[in-house]
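Two complexes are shown next, each including subunit A; its partner changes from subunit B in the first to subunit C in the second.
Right after this comes the complex of A and B.
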């Protein structure tokens, strides 16, 4: 999929620890430490450049987050402003900057590390097996369920004869149907796993 | 793999198998069936006849834990009572599900094929070797490291088969193996199945496939066995098939067109006398 750069070849554990460390540093800064934030942003810029991810792609994805985060920051800015002594506008800017640094870092991490490698790294760093398994299943069946939802929505649209989107009532019905389909699928997945000798412990090839 | 010749027990035996769905509807009603070791048998019947339910009984996935302690065992694999030896039976019976997404849950193809061997107690190195061998048997060794959802439907189906073969079953149970496959993928999958020297029970609506790879056909309707015999005879019996929601395979209907005083329509309708 993505071309191999120096960051792609790095051990996933190193990347994971570094990225999480970066996020912790961003979060731990005192409000209004503009210079340090600037320094971290410069580091991030170097990493982005080395990763080979297209900045436009990062920007478009970041914008989606920025709108939500900006809105939430604006909601909480007044109480935070009182506690920190900054002006509300600065509080919003500060929150937005930190969030952006953390999110862009995670997007870059996801770009340079395939999901299976990332999951393996989490396992080897001591993530509880149940949690790792849940994450693996979530990722695997997210696509199946999304396809299922797409088919259901298309089928619904084909019979609703309206140009606008679905009404809330229809949407609620769709979500309910998707949930029950997911449950039925879970039952079949469980049966298929049991048929191949599953006894409750997930054994994998790596580690 | 297969049982030795001295063993008189059939590979699969159902003795009066009866099962009710949780809502009380009867799914299987006194099914008696014996399949000899190495035999390829088709299980045909209309939708809702109980085919899949029957298949799930073959390695103890049904009746499930709720009726675990019941006293009247009715399924035996190689002479082993399924209700009491579920773990041992699952080593013998390989079950291929209809929807590959139900079966492929791992993050990579290789990981998924190795799942069975790892559960059977193989070490990681051995499991990896077996998995790679089985992937080679279905022509997919190049896809070993890919995530399953990036594969085509036919490829996923073959990965599922590799995952089942990796457990080295002596009985292969297939639920609609050719459903949703394009002709080339179907052809390829059929050749694969036909090449496997194990006992096979195949639930399907694909009667052309039955003619091709199953000498024997069992017709199930409303939870009962309606007919059991050579596939050529049962699938040539138009009235019988129509009475149970099926129709004569086109290849048989066409081949009997050669006979005199007969129209094509008569044949499809089974009035060929």
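Right after this comes the complex of A and C.
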């Protein structure tokens, strides 16, 4: 990810704390505080503009979440409506709006902060080192395993005539094969790491 | 299944974050004690695997597909606490990188899918595996555990979502969640069973851990049948039953009040198509004259009953087919000896 905006260069800890603080503020907001909500939305709009994220991309991703959130909001809206004196439709709108602010903020955070930087920030803010290292390791092999899966799917497709979809059994076999390959790879990687002096602590140049 | 931000109240959000953090800290310690410097690579790779496996879409119907959740699968392969750590890693990446599940709901999601899904699922798997024994026990145990883990997680989801809200909301949410997750649970049981079956056929040592196991000490439930595991399993089953029974136990307000309350409220929302899939057809036809809530309750109970029967039947059939095809070498060896 190339640094293409002022937000990319900011210290990851600042970004993480600001983003999570923003989300907590949005979550803690009383339903129906439209003015405060508008203020937070304006702040978010400025941040989105500064981050250089394409608004179209935000919108399409947001739409996927909005359906589920709207459904859950509708399920719980009634008692919230009684408590706050708003109409159920307004309660749903309020929940959706606040959730959207939180989701867009986290999307922007993910866009302007590379995962390794984010992990480093979380570690310095108190995330247990073992968990941080596990997350770094997971991220490293996430795409490797995804590619492995793609290759296996392609190979399977190449061997089955005219069938666009694969059967449940085949797909489960694919997952089982992936599991077995992943654990084999882990063995090799762990042995290679041990040979290079791995003792369970990750040392990076940022330290 | 991932709870988004804002939908659970601050109270339950803080409570589940505290419980989740404590649970994760304990799980991490158990895993580190057991695996030492290997913990990182084992957990990291397994988490990457679960994440990738969740991308495999199982076609359910036109335009609808489901995927593996993987809590019980990772617990069966790695042990309950390692399974919980794996799920935690998956949830953190999903939350921070893909905004799937809210930051303030991360604790709740981990409690549901990591602690209840993986550790709780293992508590159900362990006794069944021991009771039935052998590969049949592993297969049936993992399938039933997968089914219950989804239901228990859905029950916990409901409690968190409706905590602080009214009783009626609670039961409405519970009905929908149970209905939808009865379907998802059958899918999870089926996929978990199919994967476990192939692993047992190709790399049985990954699950059976004969001799020096990968993490035999990490499995409190795999050793002698203790009271604790029996109680936990019993509790799990009871909770699963409660999820379905509770809509009936709901003493609803008297008729007039009930009708009055229902008037002026939103129509019951339809389940979104992503979730409704395989069991959508079987909301059993209900006698006319019952309220919408009654319909939902009936459908929930039907979903629970049918779902349970389907999972047991599936598990049994698969184990029969599987064991019949697989036990022959043992039999031959016994004959020769």
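The definition used in the following text is that the second predicted complex is superposed on the first by the 183 of 207 C-alpha atoms of A that agree within 3 Å, B and C clash if a C-alpha of one lies under 4 Å from a C-alpha of the other, contacts with A are read in each partner's own complex, and residues count from 1 in each chain.
One rule holds in what follows: a residue touches a chain if its C-beta (ideal position, glycine included) is under 8 Å from a C-beta of that chain, and two chains touch if they have at least 3 such contacts.
Because the structure is a prediction, the values reported are computed rather than measured.
Student: Give one word, clash or fit, describing how subunit B and subunit C relate on subunit A after superposing.
Tutor: These partners fit in the superposed model.
Student: Quick check on the superposed pair: does A:151 touch subunit B, subunit C, both, or neither? Answer first, second, both or neither.
Tutor: After superposing on A, A:151 lies clear of both subunit B and subunit C.
Student: Quick one: is A:193 in contact with subunit B, with subunit C, with both, or with neither? Answer first, second, both or neither.
Tutor: It touches subunit B and subunit C both.
Student: Go through the superposed model and pick first if A:204 touches only subunit B, second if only subunit C, both, or neither.
Tutor: first
Student: Check the residue A:138 against both partner chains and state whether it touches subunit B (first), subunit C (second), both, or neither.
Tutor: second
Student: Which of the two partners, first being subunit B and second being subunit C, lies in contact with A:77: first, second, both, or neither?
Tutor: Second partner only.
Student: Classify the contacts of A:185 with the two partner chains as first (subunit B alone), second (subunit C alone), both, or neither.
Tutor: Both partners.
Student: Could you give the angle made at the Cα centre of subunit A by the lines to the Cα centres of subunit B and subunit C, to the nearest 10°?
Tutor: An angle of 90 degrees, rounded.
Student: Give one of first, second, both or neither to describe whether A:116 is in contact with subunit B, with subunit C, with both, or with none.
Tutor: first
Student: Residues of subunit A touched: more by subunit B or subunit C?
Tutor: When the residues of subunit A touched by each partner are counted, C comes out ahead.
Student: With the two complexes superposed on chain A, say which partner A:57 touches: subunit B (first), subunit C (second), both, or neither.
Tutor: Neither partner.
Student: Closest Cα approach between subunit B and subunit C after superposing, in Å?
Tutor: Subunit B and subunit C, overlaid via chain A, are at closest 8 Å apart by C-alpha.
Student: Counting contacts the way the document defines them, which residues of subunit A are shared by the two interfaces, the one with subunit B and the one with subunit C?
Tutor: Of subunit A, residues 115, 136-137, 139-141, 144, 185, 189, 193-194, 198-199 contact subunit B in one complex and subunit C in the other.
Student: Residue numbers of subunit C touching subunit A in their complex, please.
Tutor: For this pair, the touching residues of subunit C are 4-7, 10, 13, 24-25, 28, 32, 36-49, 51-53, 55-56, 58-59, 68, 77, 85, 88-90, 92-93, 95-99, 102-104, 161-162, 165-166, 168-169, 172-173, 176, 190-191, 194-195, 197-199, 202-203, 206, 265-266, 269, 271-272, 274.
Student: Note which residues of subunit A are touching subunit B in the complex, please.
Tutor: Going through subunit A, the ones touching subunit B are 115-116, 119, 136-137, 139-141, 143-144, 185, 188-189, 191-199, 203-206.
Student: Residues of subunit B touching subunit A in their complex?
Tutor: 56, 59, 61, 87, 90-91, 93-95, 97, 99, 101-108, 110-111, 114-116, 118-120, 124, 127-128, 131, 147-149, 163-164, 167
Student: Taking the touch rule as given, give the residues of subunit A at its contact with subunit C in the complex, in rising order.
Tutor: Where subunit A meets subunit C, its residues are 20, 23-24, 26-28, 61, 65, 67-69, 71-80, 82, 88-89, 95, 98-99, 102-103, 106-107, 109-110, 115, 118, 128, 130-131, 133-142, 144-146, 148-149, 165, 168-169, 171-180, 182-183, 185-186, 189-190, 193-194, 198-200, 202.
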